[in-house]
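This is the structure, below, for whatever I ask next.
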(Lines give C-alpha, C1' and ligand atoms only; values in the text may rest on other atoms or scores of the structure.)
Protein backbone atom coordinates (compact mmCIF):
# COMPACT_ATOMS: atom_id res chain seq x y z
CA UNK A 1 0.00 0.00 0.00
CA UNK A 2 1.30 3.44 -0.91
CA UNK A 3 1.45 5.84 1.95
CA UNK A 4 1.07 9.53 1.35
CA UNK A 5 3.66 12.13 2.24
CA UNK A 6 3.67 12.39 5.99
CA UNK A 7 3.59 15.64 7.89
CA UNK A 8 7.20 14.94 8.66
CA UNK A 9 8.11 14.66 5.00
CA UNK A 10 6.56 18.04 4.17
CA UNK A 11 8.08 19.66 7.24
CA UNK A 12 11.56 18.40 6.47
CA UNK A 13 11.32 19.56 2.88
CA UNK A 14 10.10 22.97 4.05
CA UNK A 15 13.05 23.32 6.40
CA UNK A 16 15.44 22.63 3.54
CA UNK A 17 14.20 25.74 1.67
CA UNK A 18 16.81 28.42 2.36
CA UNK A 19 14.38 31.10 1.25
CA UNK A 20 11.79 30.19 3.91
CA UNK A 21 14.37 30.76 6.62
CA UNK A 22 15.46 34.03 5.00
CA UNK A 23 11.85 35.25 4.96
CA UNK A 24 11.22 34.04 8.51
CA UNK A 25 8.40 31.78 7.33
CA UNK A 26 6.95 28.70 8.98
CA UNK A 27 4.19 26.20 8.26
CA UNK A 28 1.16 27.42 10.20
CA UNK A 29 -1.23 24.68 9.13
CA UNK A 30 -0.87 21.43 7.29
CA UNK A 31 -3.55 19.03 6.34
CA UNK A 32 -3.97 16.82 3.31
CA UNK A 33 -4.43 19.10 0.32
CA UNK A 34 -4.10 22.38 2.24
CA UNK A 35 -1.03 24.17 3.58
CA UNK A 36 -0.70 27.56 5.21
CA UNK A 37 2.64 29.35 5.47
CA UNK A 38 3.01 32.45 7.59
CA UNK A 39 5.67 35.05 8.30
CA UNK A 40 5.87 38.08 10.53
CA UNK A 41 6.02 41.29 8.52
CA UNK A 42 9.20 43.34 8.78
CA UNK A 43 10.81 46.00 6.67
CA UNK A 44 13.09 43.47 4.94
CA UNK A 45 10.01 42.11 3.12
CA UNK A 46 8.85 45.46 1.77
CA UNK A 47 8.62 47.11 -1.60
CA UNK A 48 9.09 50.86 -2.06
CA UNK A 49 5.83 51.93 -0.37
CA UNK A 50 6.39 49.79 2.72
CA UNK A 51 3.86 47.10 1.72
CA UNK A 52 4.91 43.48 1.64
CA UNK A 53 6.41 42.94 -1.83
CA UNK A 54 4.18 41.09 -4.30
CA UNK A 55 7.04 38.65 -4.88
CA UNK A 56 7.21 37.76 -1.21
CA UNK A 57 3.52 36.92 -1.29
CA UNK A 58 4.17 34.87 -4.43
CA UNK A 59 7.05 33.05 -2.76
CA UNK A 60 4.99 32.05 0.27
CA UNK A 61 2.04 31.13 -1.95
CA UNK A 62 4.15 29.01 -4.27
CA UNK A 63 5.54 27.11 -1.31
CA UNK A 64 2.11 26.67 0.27
CA UNK A 65 0.64 25.34 -2.97
CA UNK A 66 3.55 23.03 -3.70
CA UNK A 67 3.35 21.44 -0.27
CA UNK A 68 -0.43 21.19 -0.44
CA UNK A 69 0.13 19.00 -3.49
CA UNK A 70 3.01 17.08 -1.92
CA UNK A 71 0.82 16.28 1.07
CA UNK A 72 -1.39 14.23 -1.26
CA UNK A 73 1.37 12.31 -3.03
CA UNK A 74 3.07 9.06 -2.11
CA UNK A 75 6.24 9.28 -0.06
CA UNK A 76 9.32 9.97 -2.09
CA UNK A 77 7.42 12.20 -4.51
CA UNK A 78 8.67 15.60 -5.62
CA UNK A 79 6.85 18.67 -6.88
CA UNK A 80 7.87 21.44 -9.27
CA UNK A 81 6.08 24.70 -10.11
CA UNK A 82 4.93 24.75 -13.72
CA UNK A 83 3.41 28.22 -13.47
CA UNK A 84 1.44 30.51 -11.22
CA UNK A 85 -0.71 33.55 -11.78
CA UNK A 86 -1.53 35.90 -8.95
CA UNK A 87 -3.75 38.95 -8.74
CA UNK A 88 -2.87 41.52 -6.10
CA UNK A 89 -6.11 42.86 -4.77
CA UNK A 90 -5.08 45.11 -1.85
CA UNK A 91 -1.86 46.66 -0.54
CA UNK A 92 -0.27 44.11 1.82
CA UNK A 93 -0.30 45.99 5.12
CA UNK A 94 -0.24 44.46 8.60
CA UNK A 95 1.88 42.56 11.07
CA UNK A 96 1.62 39.02 9.67
CA UNK A 97 1.39 37.43 6.22
CA UNK A 98 -0.46 34.16 5.75
CA UNK A 99 -0.34 32.30 2.46
CA UNK A 100 -2.70 29.42 1.76
CA UNK A 101 -2.40 26.81 -0.95
CA UNK A 102 -5.31 24.47 -1.56
CA UNK A 103 -5.41 21.66 -4.11
CA UNK A 104 -8.40 21.95 -6.45
CA UNK A 105 -7.48 19.15 -8.83
CA UNK A 106 -4.97 16.36 -8.48
CA UNK A 107 -4.06 14.45 -11.60
CA UNK A 108 -1.42 11.85 -12.28
CA UNK A 109 1.24 14.37 -13.25
CA UNK A 110 -0.39 17.78 -12.88
CA UNK A 111 -2.14 19.40 -9.96
CA UNK A 112 -3.94 22.74 -9.81
CA UNK A 113 -3.99 24.82 -6.63
CA UNK A 114 -5.88 27.86 -5.49
CA UNK A 115 -3.65 30.39 -3.75
CA UNK A 116 -4.66 33.17 -1.39
CA UNK A 117 -2.61 35.50 0.79
CA UNK A 118 -3.99 37.48 3.70
CA UNK A 119 -2.48 40.09 5.99
CA UNK A 120 -3.42 40.52 9.63
CA UNK A 121 -4.00 44.22 9.99
CA UNK A 122 -5.05 45.48 13.41
CA UNK A 123 -6.25 42.04 14.34
CA UNK A 124 -8.27 41.40 11.19
CA UNK A 125 -7.29 39.13 8.29
CA UNK A 126 -7.61 40.89 4.95
CA UNK A 127 -7.19 39.16 1.58
CA UNK A 128 -4.51 40.83 -0.54
CA UNK A 129 -3.56 38.31 -3.24
CA UNK A 130 -5.36 35.48 -5.00
CA UNK A 131 -4.46 33.18 -7.83
CA UNK A 132 -3.79 29.78 -9.31
CA UNK A 133 -0.84 27.46 -9.71
CA UNK A 134 -0.01 24.42 -11.80
CA UNK A 135 2.30 21.91 -10.12
CA UNK A 136 4.14 19.03 -11.78
CA UNK A 137 4.17 15.84 -9.71
CA UNK A 138 7.13 13.48 -9.88
CA UNK A 139 6.00 10.29 -8.24
CA UNK A 140 8.56 7.77 -7.01
CA UNK A 141 9.60 4.47 -8.56
CA UNK A 142 8.24 5.09 -11.98
CA UNK A 143 4.79 5.22 -10.39
CA UNK A 144 4.03 8.10 -12.79
CA UNK A 145 3.78 5.78 -15.72
CA UNK B 1 6.93 69.76 -20.24
CA UNK B 2 6.62 66.53 -18.29
CA UNK B 3 9.87 64.77 -17.67
CA UNK B 4 10.02 61.05 -17.30
CA UNK B 5 11.25 59.23 -14.23
CA UNK B 6 14.97 59.72 -14.14
CA UNK B 7 17.46 56.96 -13.56
CA UNK B 8 17.93 58.47 -10.14
CA UNK B 9 14.22 58.17 -9.33
CA UNK B 10 14.13 54.49 -10.20
CA UNK B 11 17.38 53.81 -8.38
CA UNK B 12 16.23 55.54 -5.20
CA UNK B 13 12.95 53.68 -5.25
CA UNK B 14 14.78 50.39 -5.76
CA UNK B 15 17.01 51.07 -2.77
CA UNK B 16 13.96 51.62 -0.59
CA UNK B 17 12.77 48.04 -1.22
CA UNK B 18 13.81 46.09 1.85
CA UNK B 19 13.37 42.82 -0.02
CA UNK B 20 15.92 43.72 -2.71
CA UNK B 21 18.56 44.18 -0.04
CA UNK B 22 17.53 40.94 1.65
CA UNK B 23 17.90 39.08 -1.65
CA UNK B 24 21.19 40.82 -2.47
CA UNK B 25 19.74 42.21 -5.70
CA UNK B 26 20.85 45.22 -7.70
CA UNK B 27 19.80 46.96 -10.89
CA UNK B 28 22.07 45.60 -13.60
CA UNK B 29 20.63 47.57 -16.51
CA UNK B 30 18.20 50.42 -16.79
CA UNK B 31 16.94 52.03 -19.90
CA UNK B 32 13.57 53.49 -20.76
CA UNK B 33 11.10 50.63 -20.79
CA UNK B 34 13.57 47.90 -19.83
CA UNK B 35 15.07 47.03 -16.47
CA UNK B 36 17.31 44.14 -15.45
CA UNK B 37 17.73 43.11 -11.84
CA UNK B 38 20.36 40.60 -10.83
CA UNK B 39 21.43 38.76 -7.72
CA UNK B 40 24.18 36.29 -6.90
CA UNK B 41 22.81 32.86 -6.15
CA UNK B 42 23.30 31.52 -2.63
CA UNK B 43 21.66 28.86 -0.55
CA UNK B 44 19.36 31.39 1.17
CA UNK B 45 17.47 31.75 -2.15
CA UNK B 46 16.85 28.06 -2.63
CA UNK B 47 13.87 25.76 -2.57
CA UNK B 48 14.09 22.15 -1.39
CA UNK B 49 16.10 20.84 -4.35
CA UNK B 50 18.71 23.60 -4.19
CA UNK B 51 17.36 25.50 -7.21
CA UNK B 52 16.52 29.18 -6.88
CA UNK B 53 12.94 29.32 -5.55
CA UNK B 54 10.28 30.19 -8.14
CA UNK B 55 9.11 32.96 -5.81
CA UNK B 56 12.55 34.57 -5.77
CA UNK B 57 12.48 34.66 -9.56
CA UNK B 58 8.99 36.15 -9.36
CA UNK B 59 10.15 38.78 -6.88
CA UNK B 60 13.03 39.94 -9.05
CA UNK B 61 10.82 39.83 -12.15
CA UNK B 62 8.04 41.82 -10.52
CA UNK B 63 10.51 44.50 -9.48
CA UNK B 64 12.15 44.58 -12.92
CA UNK B 65 8.80 44.95 -14.65
CA UNK B 66 7.50 47.59 -12.25
CA UNK B 67 10.58 49.74 -12.74
CA UNK B 68 10.55 49.23 -16.49
CA UNK B 69 7.11 50.86 -16.39
CA UNK B 70 8.15 53.55 -13.92
CA UNK B 71 11.03 54.49 -16.21
CA UNK B 72 8.47 55.60 -18.79
CA UNK B 73 6.24 57.61 -16.47
CA UNK B 74 6.42 61.24 -15.41
CA UNK B 75 8.34 62.01 -12.26
CA UNK B 76 6.35 61.55 -9.11
CA UNK B 77 4.49 58.56 -10.56
CA UNK B 78 4.00 55.32 -8.68
CA UNK B 79 3.40 51.77 -9.89
CA UNK B 80 1.55 48.83 -8.38
CA UNK B 81 1.42 45.20 -9.51
CA UNK B 82 -2.07 44.22 -10.67
CA UNK B 83 -1.11 40.64 -11.48
CA UNK B 84 1.63 38.52 -12.94
CA UNK B 85 1.76 35.07 -14.47
CA UNK B 86 5.02 33.22 -14.79
CA UNK B 87 5.91 29.88 -16.37
CA UNK B 88 8.94 28.10 -14.98
CA UNK B 89 10.67 26.45 -17.87
CA UNK B 90 13.90 25.06 -16.39
CA UNK B 91 15.33 24.43 -12.93
CA UNK B 92 17.08 27.63 -11.85
CA UNK B 93 20.67 26.46 -11.48
CA UNK B 94 23.79 28.61 -11.67
CA UNK B 95 25.75 31.34 -9.95
CA UNK B 96 23.73 34.42 -10.91
CA UNK B 97 20.05 35.24 -11.48
CA UNK B 98 19.08 37.94 -13.93
CA UNK B 99 15.47 39.12 -14.21
CA UNK B 100 14.38 41.31 -17.09
CA UNK B 101 11.20 43.36 -17.33
CA UNK B 102 10.31 44.94 -20.65
CA UNK B 103 7.27 47.12 -21.32
CA UNK B 104 5.18 45.82 -24.19
CA UNK B 105 2.27 48.24 -23.88
CA UNK B 106 1.97 51.47 -21.95
CA UNK B 107 -1.50 52.86 -21.48
CA UNK B 108 -2.78 55.73 -19.38
CA UNK B 109 -3.39 53.60 -16.30
CA UNK B 110 -2.30 50.09 -17.22
CA UNK B 111 0.97 48.78 -18.60
CA UNK B 112 1.82 45.26 -19.72
CA UNK B 113 5.32 43.85 -19.33
CA UNK B 114 7.12 40.79 -20.58
CA UNK B 115 9.18 39.12 -17.89
CA UNK B 116 12.08 36.71 -18.31
CA UNK B 117 14.56 35.29 -15.84
CA UNK B 118 17.83 33.67 -16.77
CA UNK B 119 20.50 31.90 -14.76
CA UNK B 120 24.20 32.01 -15.57
CA UNK B 121 25.28 28.40 -15.40
CA UNK B 122 28.91 27.66 -16.13
CA UNK B 123 29.26 30.93 -17.97
CA UNK B 124 26.15 30.55 -20.13
CA UNK B 125 22.83 32.36 -19.63
CA UNK B 126 19.89 29.95 -19.64
CA UNK B 127 16.25 31.05 -19.60
CA UNK B 128 14.34 29.54 -16.68
CA UNK B 129 11.18 31.62 -16.26
CA UNK B 130 9.02 33.64 -18.58
CA UNK B 131 5.75 35.48 -18.18
CA UNK B 132 3.64 38.60 -18.21
CA UNK B 133 2.65 41.30 -15.76
CA UNK B 134 -0.01 43.99 -15.54
CA UNK B 135 1.05 47.17 -13.76
CA UNK B 136 -1.19 49.96 -12.53
CA UNK B 137 0.22 53.44 -13.09
CA UNK B 138 -0.53 56.23 -10.64
CA UNK B 139 0.54 59.42 -12.36
CA UNK B 140 1.14 62.55 -10.29
CA UNK B 141 -1.08 65.61 -9.91
CA UNK B 142 -4.25 64.09 -11.19
CA UNK B 143 -2.48 63.65 -14.52
CA UNK B 144 -4.22 60.26 -14.74
CA UNK B 145 -7.51 61.82 -15.53
CA UNK C 1 -28.36 58.42 -6.12
CA UNK C 2 -26.56 56.16 -8.53
CA UNK C 3 -28.43 53.09 -9.57
CA UNK C 4 -26.60 49.95 -10.52
CA UNK C 5 -26.83 48.26 -13.89
CA UNK C 6 -30.22 46.70 -14.05
CA UNK C 7 -30.91 43.19 -15.20
CA UNK C 8 -32.25 44.77 -18.34
CA UNK C 9 -29.00 46.59 -19.01
CA UNK C 10 -26.93 43.41 -18.75
CA UNK C 11 -29.41 41.45 -20.81
CA UNK C 12 -29.47 44.01 -23.60
CA UNK C 13 -25.70 44.16 -23.70
CA UNK C 14 -25.52 40.35 -23.80
CA UNK C 15 -27.91 40.25 -26.74
CA UNK C 16 -25.69 42.66 -28.65
CA UNK C 17 -22.78 40.18 -28.55
CA UNK C 18 -22.77 38.50 -31.94
CA UNK C 19 -20.59 35.71 -30.61
CA UNK C 20 -23.11 34.68 -27.94
CA UNK C 21 -25.71 34.11 -30.62
CA UNK C 22 -23.20 32.20 -32.75
CA UNK C 23 -22.39 29.94 -29.80
CA UNK C 24 -26.06 29.52 -28.88
CA UNK C 25 -25.43 30.95 -25.41
CA UNK C 26 -27.87 32.55 -23.01
CA UNK C 27 -27.75 34.05 -19.53
CA UNK C 28 -28.85 31.29 -17.19
CA UNK C 29 -28.53 33.23 -13.95
CA UNK C 30 -27.95 36.83 -13.08
CA UNK C 31 -27.60 38.37 -9.71
CA UNK C 32 -25.46 41.22 -8.46
CA UNK C 33 -21.85 40.12 -8.78
CA UNK C 34 -22.56 36.69 -10.27
CA UNK C 35 -23.53 35.71 -13.81
CA UNK C 36 -23.95 32.28 -15.38
CA UNK C 37 -23.92 31.77 -19.12
CA UNK C 38 -24.87 28.45 -20.63
CA UNK C 39 -24.93 26.83 -24.04
CA UNK C 40 -26.01 23.46 -25.36
CA UNK C 41 -23.07 21.42 -26.58
CA UNK C 42 -22.94 20.62 -30.29
CA UNK C 43 -20.22 19.61 -32.69
CA UNK C 44 -19.71 23.19 -33.86
CA UNK C 45 -18.13 23.97 -30.47
CA UNK C 46 -15.64 21.14 -30.54
CA UNK C 47 -11.90 20.80 -30.82
CA UNK C 48 -10.23 17.87 -32.56
CA UNK C 49 -11.11 15.22 -29.94
CA UNK C 50 -14.79 16.18 -29.79
CA UNK C 51 -14.51 18.01 -26.45
CA UNK C 52 -15.79 21.57 -26.16
CA UNK C 53 -12.89 23.78 -27.28
CA UNK C 54 -10.96 25.51 -24.48
CA UNK C 55 -11.54 28.80 -26.27
CA UNK C 56 -15.30 28.34 -26.22
CA UNK C 57 -15.12 27.85 -22.46
CA UNK C 58 -12.95 30.96 -22.26
CA UNK C 59 -15.43 32.93 -24.35
CA UNK C 60 -18.39 32.04 -22.15
CA UNK C 61 -16.32 32.62 -19.00
CA UNK C 62 -15.08 36.01 -20.16
CA UNK C 63 -18.64 37.11 -20.87
CA UNK C 64 -19.91 35.75 -17.56
CA UNK C 65 -17.19 37.57 -15.63
CA UNK C 66 -17.58 40.82 -17.51
CA UNK C 67 -21.32 40.92 -16.83
CA UNK C 68 -20.86 39.93 -13.21
CA UNK C 69 -18.80 43.10 -12.89
CA UNK C 70 -21.21 45.19 -14.94
CA UNK C 71 -24.06 44.09 -12.69
CA UNK C 72 -22.34 45.96 -9.83
CA UNK C 73 -21.60 49.19 -11.69
CA UNK C 74 -23.73 52.29 -12.15
CA UNK C 75 -25.91 52.44 -15.24
CA UNK C 76 -24.10 53.58 -18.33
CA UNK C 77 -20.89 51.86 -17.28
CA UNK C 78 -18.84 49.70 -19.63
CA UNK C 79 -16.43 46.87 -18.97
CA UNK C 80 -13.37 45.63 -20.85
CA UNK C 81 -11.30 42.48 -20.30
CA UNK C 82 -7.78 43.32 -19.17
CA UNK C 83 -6.66 39.70 -18.98
CA UNK C 84 -7.80 36.25 -18.00
CA UNK C 85 -6.02 33.06 -17.04
CA UNK C 86 -7.79 29.74 -17.18
CA UNK C 87 -6.71 26.24 -16.20
CA UNK C 88 -8.41 23.37 -18.00
CA UNK C 89 -8.87 20.63 -15.47
CA UNK C 90 -10.94 18.01 -17.30
CA UNK C 91 -11.97 17.28 -20.88
CA UNK C 92 -15.20 19.19 -21.53
CA UNK C 93 -17.64 16.39 -22.24
CA UNK C 94 -21.41 16.52 -21.86
CA UNK C 95 -24.60 18.01 -23.22
CA UNK C 96 -24.47 21.50 -21.69
CA UNK C 97 -21.76 24.02 -20.83
CA UNK C 98 -22.25 26.41 -17.93
CA UNK C 99 -19.80 29.24 -17.31
CA UNK C 100 -19.89 31.20 -14.06
CA UNK C 101 -18.27 34.55 -13.35
CA UNK C 102 -18.20 35.80 -9.78
CA UNK C 103 -16.74 39.12 -8.63
CA UNK C 104 -14.15 38.68 -5.91
CA UNK C 105 -12.97 42.27 -5.70
CA UNK C 106 -14.50 45.44 -7.07
CA UNK C 107 -12.30 48.51 -7.15
CA UNK C 108 -12.81 51.91 -8.70
CA UNK C 109 -11.34 50.95 -12.06
CA UNK C 110 -10.38 47.29 -11.76
CA UNK C 111 -12.39 44.26 -10.76
CA UNK C 112 -11.20 40.70 -10.25
CA UNK C 113 -13.45 37.73 -11.03
CA UNK C 114 -13.30 34.04 -10.36
CA UNK C 115 -14.30 31.99 -13.38
CA UNK C 116 -15.47 28.38 -13.48
CA UNK C 117 -16.93 26.27 -16.27
CA UNK C 118 -18.82 23.06 -15.75
CA UNK C 119 -20.23 20.47 -18.13
CA UNK C 120 -23.40 18.50 -17.50
CA UNK C 121 -22.39 14.96 -18.27
CA UNK C 122 -25.04 12.26 -17.83
CA UNK C 123 -26.97 14.55 -15.52
CA UNK C 124 -24.06 15.53 -13.31
CA UNK C 125 -22.22 18.87 -13.36
CA UNK C 126 -18.46 18.42 -13.61
CA UNK C 127 -15.96 21.25 -13.30
CA UNK C 128 -13.67 21.46 -16.33
CA UNK C 129 -12.10 24.93 -16.27
CA UNK C 130 -11.22 27.39 -13.56
CA UNK C 131 -9.45 30.71 -13.50
CA UNK C 132 -9.30 34.42 -12.89
CA UNK C 133 -10.01 37.58 -14.83
CA UNK C 134 -9.17 41.25 -14.49
CA UNK C 135 -11.83 43.64 -15.79
CA UNK C 136 -11.44 47.34 -16.46
CA UNK C 137 -14.46 49.42 -15.41
CA UNK C 138 -15.39 52.53 -17.34
CA UNK C 139 -17.91 54.37 -15.18
CA UNK C 140 -20.15 56.99 -16.72
CA UNK C 141 -19.89 60.76 -16.45
CA UNK C 142 -16.33 60.95 -15.27
CA UNK C 143 -17.49 59.09 -12.17
CA UNK C 144 -14.21 57.18 -12.37
CA UNK C 145 -12.25 60.13 -11.09
CA UNK D 1 13.40 7.11 -36.77
CA UNK D 2 10.52 9.12 -35.38
CA UNK D 3 8.98 11.50 -37.82
CA UNK D 4 7.36 14.68 -36.63
CA UNK D 5 3.75 15.60 -37.22
CA UNK D 6 3.46 16.40 -40.86
CA UNK D 7 1.72 19.44 -42.23
CA UNK D 8 -1.00 17.07 -43.29
CA UNK D 9 -1.47 15.79 -39.75
CA UNK D 10 -1.92 19.30 -38.35
CA UNK D 11 -4.19 20.33 -41.20
CA UNK D 12 -6.43 17.31 -40.81
CA UNK D 13 -6.70 17.84 -37.08
CA UNK D 14 -7.52 21.51 -37.63
CA UNK D 15 -10.31 20.60 -40.02
CA UNK D 16 -11.85 18.33 -37.42
CA UNK D 17 -12.36 21.28 -35.04
CA UNK D 18 -15.99 22.25 -35.38
CA UNK D 19 -15.33 25.60 -33.78
CA UNK D 20 -12.76 26.63 -36.42
CA UNK D 21 -15.37 26.17 -39.12
CA UNK D 22 -17.95 28.06 -37.06
CA UNK D 23 -15.52 30.98 -36.65
CA UNK D 24 -14.52 30.87 -40.32
CA UNK D 25 -10.88 30.30 -39.39
CA UNK D 26 -8.10 28.75 -41.43
CA UNK D 27 -4.42 28.01 -40.99
CA UNK D 28 -2.57 30.92 -42.56
CA UNK D 29 0.95 29.72 -41.84
CA UNK D 30 2.44 26.52 -40.57
CA UNK D 31 6.02 25.78 -39.90
CA UNK D 32 7.67 23.66 -37.23
CA UNK D 33 6.98 25.35 -33.90
CA UNK D 34 4.91 28.22 -35.28
CA UNK D 35 1.31 28.30 -36.45
CA UNK D 36 -0.85 31.22 -37.55
CA UNK D 37 -4.62 30.99 -37.68
CA UNK D 38 -6.68 33.74 -39.27
CA UNK D 39 -10.33 34.61 -39.69
CA UNK D 40 -12.20 37.40 -41.41
CA UNK D 41 -13.93 39.68 -38.92
CA UNK D 42 -17.72 39.76 -39.00
CA UNK D 43 -20.40 40.78 -36.56
CA UNK D 44 -20.91 37.19 -35.38
CA UNK D 45 -17.51 37.40 -33.66
CA UNK D 46 -18.23 40.58 -31.74
CA UNK D 47 -18.77 41.55 -28.14
CA UNK D 48 -21.11 44.36 -27.11
CA UNK D 49 -18.98 47.24 -28.45
CA UNK D 50 -18.47 45.66 -31.86
CA UNK D 51 -14.87 44.58 -31.19
CA UNK D 52 -13.85 40.98 -31.73
CA UNK D 53 -14.68 39.19 -28.47
CA UNK D 54 -11.70 38.44 -26.22
CA UNK D 55 -12.81 34.81 -26.18
CA UNK D 56 -12.65 34.55 -29.96
CA UNK D 57 -9.07 35.78 -29.84
CA UNK D 58 -8.40 33.23 -27.10
CA UNK D 59 -9.95 30.45 -29.18
CA UNK D 60 -7.83 31.18 -32.22
CA UNK D 61 -4.73 31.62 -30.04
CA UNK D 62 -5.30 28.37 -28.19
CA UNK D 63 -5.60 26.51 -31.47
CA UNK D 64 -2.54 28.21 -32.95
CA UNK D 65 -0.44 27.37 -29.89
CA UNK D 66 -1.67 23.79 -29.68
CA UNK D 67 -0.81 23.11 -33.30
CA UNK D 68 2.55 24.86 -33.00
CA UNK D 69 3.35 22.25 -30.37
CA UNK D 70 1.84 19.38 -32.35
CA UNK D 71 3.99 20.34 -35.33
CA UNK D 72 7.06 19.42 -33.25
CA UNK D 73 5.81 16.09 -31.94
CA UNK D 74 6.03 12.62 -33.42
CA UNK D 75 3.14 11.45 -35.57
CA UNK D 76 0.26 10.10 -33.61
CA UNK D 77 0.79 12.58 -30.78
CA UNK D 78 -2.02 14.58 -29.21
CA UNK D 79 -2.02 17.89 -27.39
CA UNK D 80 -4.24 19.29 -24.64
CA UNK D 81 -4.41 22.82 -23.22
CA UNK D 82 -3.31 22.89 -19.58
CA UNK D 83 -3.87 26.63 -19.19
CA UNK D 84 -3.50 29.93 -20.96
CA UNK D 85 -3.24 33.52 -19.83
CA UNK D 86 -3.91 36.35 -22.21
CA UNK D 87 -3.66 40.12 -21.83
CA UNK D 88 -5.87 42.22 -24.07
CA UNK D 89 -3.88 45.25 -25.01
CA UNK D 90 -6.07 47.05 -27.58
CA UNK D 91 -9.66 46.86 -28.77
CA UNK D 92 -9.78 44.29 -31.58
CA UNK D 93 -10.89 46.39 -34.53
CA UNK D 94 -10.29 45.63 -38.21
CA UNK D 95 -11.20 43.33 -41.04
CA UNK D 96 -9.05 40.29 -40.21
CA UNK D 97 -7.86 38.55 -37.07
CA UNK D 98 -4.56 36.70 -37.04
CA UNK D 99 -3.54 34.56 -34.09
CA UNK D 100 0.03 33.28 -33.77
CA UNK D 101 1.27 30.50 -31.51
CA UNK D 102 5.00 29.99 -31.16
CA UNK D 103 6.67 27.29 -29.08
CA UNK D 104 9.14 28.74 -26.58
CA UNK D 105 9.95 25.55 -24.73
CA UNK D 106 9.29 21.95 -25.63
CA UNK D 107 9.67 19.39 -22.89
CA UNK D 108 8.82 15.71 -22.74
CA UNK D 109 5.28 16.26 -21.52
CA UNK D 110 4.84 20.02 -21.27
CA UNK D 111 5.35 22.75 -23.83
CA UNK D 112 5.12 26.51 -23.36
CA UNK D 113 3.91 28.79 -26.14
CA UNK D 114 3.87 32.50 -26.71
CA UNK D 115 0.57 33.71 -28.12
CA UNK D 116 -0.15 36.94 -29.96
CA UNK D 117 -3.21 38.16 -31.84
CA UNK D 118 -3.20 41.00 -34.32
CA UNK D 119 -5.96 42.76 -36.22
CA UNK D 120 -5.55 44.19 -39.70
CA UNK D 121 -7.03 47.65 -39.40
CA UNK D 122 -6.97 49.81 -42.53
CA UNK D 123 -4.18 47.71 -43.97
CA UNK D 124 -1.97 47.74 -40.89
CA UNK D 125 -1.48 44.87 -38.43
CA UNK D 126 -2.00 45.96 -34.83
CA UNK D 127 -1.31 43.75 -31.82
CA UNK D 128 -4.34 43.40 -29.58
CA UNK D 129 -3.72 40.36 -27.36
CA UNK D 130 -0.63 38.68 -26.00
CA UNK D 131 -0.06 35.83 -23.61
CA UNK D 132 1.25 32.40 -22.74
CA UNK D 133 -0.02 28.85 -22.83
CA UNK D 134 0.97 25.53 -21.30
CA UNK D 135 0.27 22.47 -23.46
CA UNK D 136 0.30 18.85 -22.38
CA UNK D 137 1.85 16.50 -24.91
CA UNK D 138 0.59 12.94 -25.25
CA UNK D 139 3.18 11.13 -27.32
CA UNK D 140 2.26 7.88 -29.04
CA UNK D 141 3.20 4.34 -28.08
CA UNK D 142 4.18 5.04 -24.53
CA UNK D 143 6.99 7.19 -25.93
CA UNK D 144 6.21 9.63 -23.10
CA UNK D 145 7.80 7.42 -20.54
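Labels A, B, C and D are assigned to the chains in the order they are written; within every chain, residues are numbered from 1.
Note that in this section a contact is a pair of C-beta atoms (placed from the backbone, for glycine too) under 8 Å apart; a residue touches a chain by one contact, two chains touch by 3 or more.
The structure presented is a predicted model; accordingly, all values stated were derived computationally and were not measured.
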A-C or B-C, whichever has more C-beta pairs in contact: A-C
Longest centre-to-centre distance from chain B, chain (CA-based): C
Same-residue or different-residue interface between chain A and chain B, half as cut-off: same
Inter-centroid spacing, chain C versus chain B (mean Cα positions, whole Å): 32
Chain A and chain B: spacing of chain centres that average the CA atoms, whole Å: 22
Between chain A and chain C, centroid-to-centroid distance (C-alpha), Å: 29
Touching two or more other chains - residue numbers and ranges from chain D: 82-83, 85, 87, 131-132, 134
Contacting residues of chain B [partner chain C, same complex]: 82-83, 85, 109-110, 132, 134, 136, 142, 144-145
Contact set on chain B toward chain A in their complex: 13-14, 16-19, 21-22, 42-49, 53-56, 58-63, 78, 80-88, 91, 131
Chain A-touching residues of chain C, taken from the complex the two chains share: 85, 87, 89-90, 104-105, 112, 130-132, 134
